[in-house]
């Protein structure tokens, strides 16, 4: 609750328009929807610019359906990440019109189309193994309302593939770079563009990649300024920050 | 070299205005200043929006003075991070007017003042141990041309200190959060604002903080969307990205 | 065997009420129940305030049934943690009346109801993924005889959810905080209450959470005084200590 | 600010005893003392039962003297941990009567003596290398107002030393166990007493102790229920929780 | 090939009893049995006191049967560790009389019984989860020809169980201690006996036991002198060294 | 595009043999084959001496068949590593004549036979568990056009097996050593030969081998000069470098 | 206190030869010498075959002198490991005749010479950097009463140096192998001898040796049976176990 | 000793030209120079192509002077790595003409100049912090007899600096790439050249570079085939392998 809201409330209370108990309640409660096993944060969009999004792993299809159904019934948009097709079937019964993005493993429901935009987010990936995470980033950014351009499989083993498409990357408002293995692409892109670069390390690989640690450390130690990093495989988080920058 | 520049060069070459050898040279060379032990990247600002900045550790005072002197003589601004006062003395002889920021451990030289600005970067820190890194971020951002607001020592052990100053944080264009130990402040701020949050883990602490790993992992796993992370103690990198977002 | 018991034994032996061999046996043996593959510690409750509890993983249903049956036949209460429903079926044949707590994955048998109590343990969790561990803590504490209040899904991404219920947390005798990801909730709660806080890191998450290490390190480095930590996912251990504090 | 305080404030405001602006200020501010480089949390004791304590590392003698002087001038007690003798000299000028505990590396100032008490905290240590951390725990607990019994150098390599003093340990309200190397003492004590055990891993040792990780992991994996753990070498934190349990 | 053998060979060659080519072959070859996918070391027993033993993981049932069959046909004893029952079935067709030890996951074949012996190896384990590794140690030691005494489930959470059986442990020629979790039992036993203690860390557990690292580090840092350590879950290796000490 | 190619292009353009637009295209594009989900690097062989090779994990059988089919249709050789038999079936439909190497898990297609050669690569392995990785190395090297000699199961536990075959190793142009567990074989071979040794750590093993880290660290710390290392289980990479050295 | 001692005590008490209070004292106390900051374990030799030995790091010269003086005054032998020459000077004042072993960093005092012996311990080291740890092992073993043969600088980079001296190693009762870097020597020796091998990893080295972890892991994963391991740089511990085996 | 040498020896022995004892000695001894604290491997060059080189760390100036003096007196070349200037002074007294390379921290002595050569090794480094390691590589390679070309400070943050000099790199016989931080340069170079690339990770950096682990992991996971890796900061090892490839 912000200062201006408190001022307004106190004025109404001072004028007797609001009862003592109601004023206390409003001052001590917030945008919360109790569901027993979950406490929905229904004001998250107003507060952070990103609506409540559901991380599906560890939730049963039924739980996921209940939560998304509740959001749907309140007229809110729905995004569930890391969802299997089985969970999508369950959600679909509560949220007619929900769409499943196979590669991104994401369930999306949005009432209205978003207006076209000049500005866009470039999602750049190093190899074909990085596509699921790249797609999670791209689908999330589109869900949030940003335009996305995809530039996939342009890793440094054949760096001319990157130079072929460098203009599309340079003209983006913000760049997401998705890479596994040695994650070198983030530094190379960071050294070539004048826009913020958000790096997403990927877990794809084997041996001393240690589930994405090799790319994570490489990206954290990028010699290019202007590169920040999110969790391994966290396409969703990268898209959230990119969208906040883009808007 | 970008496509439009290549087109222009080829046209001039086609018209005989440029010799073959010169055209080849231009097509194969770039903005590079050879110094024997170093290869300055003099076009970095044009390419990435961030000028070449000097990381002072591992360089002798003499080397540092030479490099900064070279930048100065070309009329370029100078920022040297992680510099001791002894190195500053050496630089001062080559770069008259250079200033030393004690807490930030930074040497700064800039010819002209930057114009005032509505937009600003908020630098938020959890405790007094985080001040050197916070100041590195703040001084770097100011060097790059951004306005900065400092909100220090508002960690979650006394969370009301944060709420006291939340409006100043919420109105920033982008927020840098600097925290050591458990790094919780990044998530708490991330859950309260609608602007991008760049988290800087600090190495201050002992035992199982493992030189900043505890804060680093906490920030990478932030439950708040819209948070990205830079290297441990990397106030400089956070400021670069924040400035790119702010401008 | 404590000093007072040794004195009493020696006095009886001195009066000839106890034979030499029997006195030696009593002085050199203890509360032990040999079962071939297991050595039950039947005096653990008298010694530590916590009865022998069975960790089910790595035990076959038959082994589990045998051990719990032995405890049941001696009139002792039964708690088996990390048990599957299949193991519960096997136990039920030996321990009529045993109850299975699905979310907590716990088998519980207790003869008498525990008396009502003013004092209680607050179990606070950050997200829905933390519920299995939270329930293990809650069910264990109730089994041991403590009253429990559950406050779930109040993590720092929407910190007002926590403030909504802060009174219930502050009035507890001891607080258990269960959180995965960055584990920030433990520090935030620790900074708001004047009771001991026991933090339980959760393994739920992915990437750089490294199976709960991110939350574990965050909790060990809590900037709030008065916070201690148990093993990752160890709701059982947290409940044991909380019960000892509560009683 | 708690609900009852908000109710009282609103009532006073409703009766016109408080002005709108003042009511808003009170609703949005807290117990904070701004010092430029630090933001003192002067209500921490009322909120958490533990007053603001100063961690001296990374602070200059002058900074430490300023902060402790400010607390002293407000009539608050002073504890500065991890302090060198040099820092103590600086503090002494601002805080007459401050005492330096060499082994504990702690500066303490307290106006009045604390009343005698039946209940006490047992601080048990494994070896002579653990004494600095043990003393930090003991001195902190005494500063907070708890009585302490010290039982030092009773590690498991000669376990009869522990059994010799087991009664003193068993009768404590809460037990702090300080141990480095393999940290086995925590489990052994945990299996012998019916009071909460707080384990403090020590960094003393070499090689595969990895600065205390060996003891930390051992304590987190204790087979004895009722054991919780604090950060490596964190005698202070253990004492805080022990005091909250003891009081 | 040892010096005495070389002398003997040269003497025979000098007397013309051995041809040049045969002498060279003998000087350059060794006790090797080529099998295409494997190179059996048939002189290992003569050289190291331990015959060639087969580690079954990663080998197909057919490969295992071939190798064990080859050893059997040469009159050598057979031990295959980490074997499933399915692999045992395959081996049984090549090695009539082979026995499968379920808990130890070991296939054993030995022609003659070993003579009784005064000296024995004590295998001591902390909990029921440690039985598979303990049995691997016990069965291996018996296969090698040592007498074994088993003392199971006597971990430090109920340390009186250990004292009950301390005489049997103290009279052994060498002691193997098997423990997971915090591995404290190795130190406690090491402090009570005057014989070499070989510690085997177990992977059983969860969370911060990190697959046995907690016990491994604890055992490497044992405060009791005279304790050495083998790989996590390596009951086989512990038995080999124990047998060499015992014989 | 190399300098000589640029010169030639400019000359042709200067003579009017190439149009402006075509010259620009050629200067800004490269050997790239866009496939939507993949961007084939068709000039990789000309540039690096190693053709584009497909890493099969994470690709569906259909994707793999499409990519290999595309290479086949362009007359290029095909190597797909880490492929299952199921994926081979799919590939075979697009690439008639493709062969599946079971142990190496590799799909190979090559039009013409390679000429015989004096020079060869020695692939030396420590144990039978190392055969899959050794075969990946051997098959890859043969695919690239090198002759290979296999020396398997000659680890240091029976070091005479190695000395038996040392001549074959010493006469190689380059030696690949594949070993798991403690990886000692690389150092021993490195100390005996005067050719480059490429060490491949294997993940086979258990406990403190940590998925191959033990062998990886051992090989990186080899006391023998002239040893370099590739990723854990990366037989493919070792073969590539060995082939470049051999040719 | 052992069973036979308890029986004897009870019989004396039953005959009235011992008073009740004295019997209780004896039953509840042990061989302990209280020194305030230390609790000497004066019966350790009788119990474990190894007398109390002093680890000097973290102790002041004065503390060390006091402890060793106390042992000396009781006629006990003195060994202080990891001691500087400065500490030796302090000890010498309390323990006339104490000797300082520079390379081993050990202070030794022993009244009588030990008798000559056929049996001996071989201490084998890989390189010159391993000499301090090797000497700690050798000096400790000699202090305990074992004969020692030193075989230094015979690492696998020049493996013929080892074969030159293999007979001296093979004839030992037990072998200690000290090696840093990749620690391969332990496995090579383990594969050549029929006596127990105790491996000591050394911290000497740089980079990915991680302070001895490379050698530690290599030794734990030794492919040779019969090898066990002690802590990094723990020559003392290896000597203790070797002496127990040797005697 | 090789087969041909054994044949020759046996023939001479058969003809009575060699005595039995001498033949046995020769068959059982090797190229070893005993120095008490060190065992020089004087045949290392003949065996491995690399002469015995001295690692100076952990050796006193006097020890270093003795060892290098011994090599000098036998007419052998001398290279001592990681040497301080102080150690050089000591060496100079024993080895007149020895030269000290400040940046490489190497002492070099070589009698004759090496002949000029067409083939060369390219040493490529990413930044100025990598120069000490790069120089260690360059000086070592030159000592061994290879020609070296240095291409320094061409990291990926300004990738055009690399393209400027790509021809010099492409024409090398083998390429050494030295890089810290994210180590991306190795992959980029590996994707551009058709010669073997040996990557050297550097420890320069801070925070999550973990002393060079970030670059080490990145290089091990290089997406470019044909890249192998040596230990962190091991310029010496890279040069040895490069020289073996080059010659």
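All chains are identified by letter, namely A, B, C, D, E, F, G and H, in their written order; residue positions are counted from 1 within each chain.
Note that in this section a contact is a pair of C-beta atoms (placed from the backbone, for glycine too) under 8 Å apart; a residue touches a chain by one contact, two chains touch by 3 or more.
Please read all numbers here as calculations on a predicted model, not as lab measurements.
Tell me the fewest steps from chain B to chain D, where a step is a jump to a chain it touches.
The distance in steps between these two chains is 1.
Measuring between Cα centroids, which chain is at the maximum distance from chain E?
So the farthest one, by centre of C-alpha atoms, is B.
Using only Cα atoms to place each chain's centre, name the chain farthest from chain A.
G
Just send me the rotation angle from a CA overlay of chain F on chain H, rounded to the nearest 5 degrees.
Fitting chain F to chain H on C-alpha atoms yields 180 degrees.
Is it true that over half of the residue numbers where chain B touches chain F are used by both copies, so same, or is it different?
same
Which whole number of Å gives the spacing of the CA centres of chain B and chain G?
The answer is 53 Å.
Calculate how many whole Å lie between the centre of chain A and the centre of chain B, each centre taken as the average of the chain's C-alpha atoms.
A distance of 25 Å separates the two centres.
Using the average of all C-alpha atoms in each chain as its centre, how far is it in Å between chain C and chain H?
Going by mean C-alpha positions, chain C sits 58 Å from chain H.
Scan chain H for residues touching two or more other chains and write them down.
3, 28, 47, 157-158, 190-192, 207-209, 213, 216, 220-222, 224-225, 231-232
Which two-chain combinations touch?
A-B, A-C, A-D, A-F, A-H, B-C, B-D, B-F, B-H, C-D, C-E, C-G, D-E, D-G, E-F, E-G, E-H, F-G, F-H, G-H
Using the touch definition from the top, list the residues of chain B that touch chain C in their complex.
Within the complex, chain B touches chain C at residues 126-127, 155-159, 180-184, 186-188, 190-192, 205, 207-210, 213-215, 217-225.
Can you tell me which positions in chain D touch chain B when the two form their complex?
The touching residues are 28-32, 37-39, 41, 43-44, 47, 55, 57-59, 63, 201, 203, 211-213, 216, 231-234.
Can you tell me which positions in chain D touch chain G when the two form their complex?
Spelled out, the residues of chain D in touch with chain G are 128-129, 131, 152-154, 157-158, 160-161, 163-164, 204, 206-209.
Show me the residue ranges of chain E that touch chain H in the complex, using the header's touch definition.
Residues in contact with chain H: 3, 6-7, 10-11, 13-14, 20, 23-24, 27-28.
Which bits of chain E are touching chain G when the two form their complex?
Against chain G, the touching part of chain E is residues 2-3, 47-50, 53, 167, 174, 190-198, 216, 220-222, 224-232, 236-238, 240-241, 244-245.
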